[in-house]
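The structures considered in this document are given below.
Shared chain: subunit A. Partners: subunit B in the first complex, subunit C in the second.
Then we have the complex of A and B:
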């Protein structure tokens, strides 16, 4: 059973490999897109690496629910609708969407996910000890 | 030996163009696993033929229309080889017929095998290739994608689909140093083209500027080039290998 510290270290290693960033760039507060420069293909790469590092299966779209953001049911004039936000909250319990909800422009969504969110995401999948 | 220490998967590798690709890669030192569907005899005769090749060759039975099987097959090869350098998608079928008389099964079989099979194996190798930051995919298209023949609505659509898939996937995977290209052969001497060659062979030869039907080895040499590091700066292209057939004019 990994500790929270070990979860962070493995995620850090995955991000360093996938994004070509330095160890010290990967802080808990760092956002994946804004601070670490991740693009959409990187999310796939990151998911592959997490699956390998933690020996887990991550259904596509679970970490980054791109399907919601491209579904006209949930998007109006470039913004996520109330139902869309509710759906995102349901799908991403590991992320804090409060700030994003104030002005939910789709183009800003990518900038929401932080390294700490990813740690919470993985902690929800593997049992961790303190 | 451009493929020493490298590994390759070739679908449709038991006969025709795929078979020539397997032989070529094995001759240049690759470990090759090829996929066949129903003709076990052909697969075994190839294994026999390549027994003393510098590379290693093995045959795996799978229907390329099965995505789950594609993943299982690729995953187990990756577990063993720890790398997948090359994928050649050569499995393909023709079921010609005029559209008005074409059955839904004829349509589906061709689309699902040619285009669906290509998607399935690209899907399965994406993860290992992306993570390794290395890989080359070669898809067998056809000049039929762009130059119409009567009775080939299904086949032309499948090959046009492969061209689009090739370009779009090339763009997706380029940042990960994985290259994706296609070859569009003209008329090549294999079982697939046998019927057409039988009926219209001489006429077709007259239309080909090089005045002859191509040999599978002449496609395999281009596939090996695209798969190798010699083509390191080449991606998203559909290379016509057709003796000049597609030049048109007179």
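Then we have the complex of A and C:
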């Protein structure tokens, strides 16, 4: 059973390999897109590496529910609606959406996911000790 | 212009791994520019050959129904050069295949010497504008030309056969 520190270290290694960044760049607060430069194809690569590192399955859309952002019932004039935000909160309990919810522009969604969010995501799938 | 950067498959195990050879020859025009009087196969074309080896393996696993495109090279390391007269053996192993794409790990060897190693990510695209690039006849011709069905082994251990979907598409287009 890994500790939270070991979960972070494995995620750090996965991000270093997938994104070509340095260890010290991968801090808990770093955003994947804004700070670490992840592009859409990188999420596929990252998901591969997380599945391998933790021996878990990550179905499409679980880490990054892109389907919500392309569903017209959740989007109005380029922004996520209240219903959409509620759905995002339900699907992404590991992410802090409070800041995004203040101005939920679809184009900014990609930049909300942090390394700490990914740690919480993995901790929801594997048993972790302190 | 032909865009074949492997010459022949020597192993092809459906859904698992493949090996292909690439003979480097002074008859290839580009070697005379890369570099003048110091010909060596460009590393980018070695990666393309590795990607063709692994990409066809990924395509075959999905019965050529997915539009498989090279999306990302997370890692590529070259340990030495390959020059005219060298035979490179590209090995590609499928690490993951899922709905959105696949990843392979791949190496290039000159005899026993490790020449290069890489990881390559492929994406499955759902874009009708790419339709002509994924013509069943092209795939069937390419797989036959490269000898994939001569050496190929299906997942159940039987001899690899051309997918019925490709054969039907080609036969249908002749009718």
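Note that the second predicted complex is superposed on the first by the 130 of 130 C-alpha atoms of A that agree within 3 Å, B and C clash if a C-alpha of one lies under 4 Å from a C-alpha of the other, contacts with A are read in each partner's own complex, and residues count from 1 in each chain.
Definition applied: a contact is a pair of C-beta atoms (placed from the backbone, for glycine too) under 8 Å apart; a residue touches a chain by one contact, two chains touch by 3 or more.
As the structure is a computational prediction, the values presented were derived from the model and not from experiment.
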Which partner reaches more residues of subunit A (counting touched residues only), subunit B or subunit C: C
Touching partner for A:60 - first (subunit B), second (subunit C), both, neither: second
Contacts of A:117 with subunit B and subunit C, given as first, second, both or neither: neither
Which of subunit B and subunit C A:45 touches, first, second, both or neither: both
Partner chain in contact with A:87 - subunit B first, subunit C second, else both or neither: neither
On subunit A, positions contacted by subunit B and by subunit C: 41, 44-45, 48, 52
Complex contact set, residues of subunit A against subunit B: 39, 41, 44-45, 48-49, 52
Touch list for subunit C against partner subunit A, complex: 71-72, 74-75, 95-96, 98-101, 103, 121, 123
Residue ranges of subunit A in contact with subunit C within the complex: 17-18, 20, 41-42, 44-45, 47-48, 51-52, 60
In the complex with subunit A, residue positions of subunit B that touch it: 126-127, 130-131, 172-173, 175-176
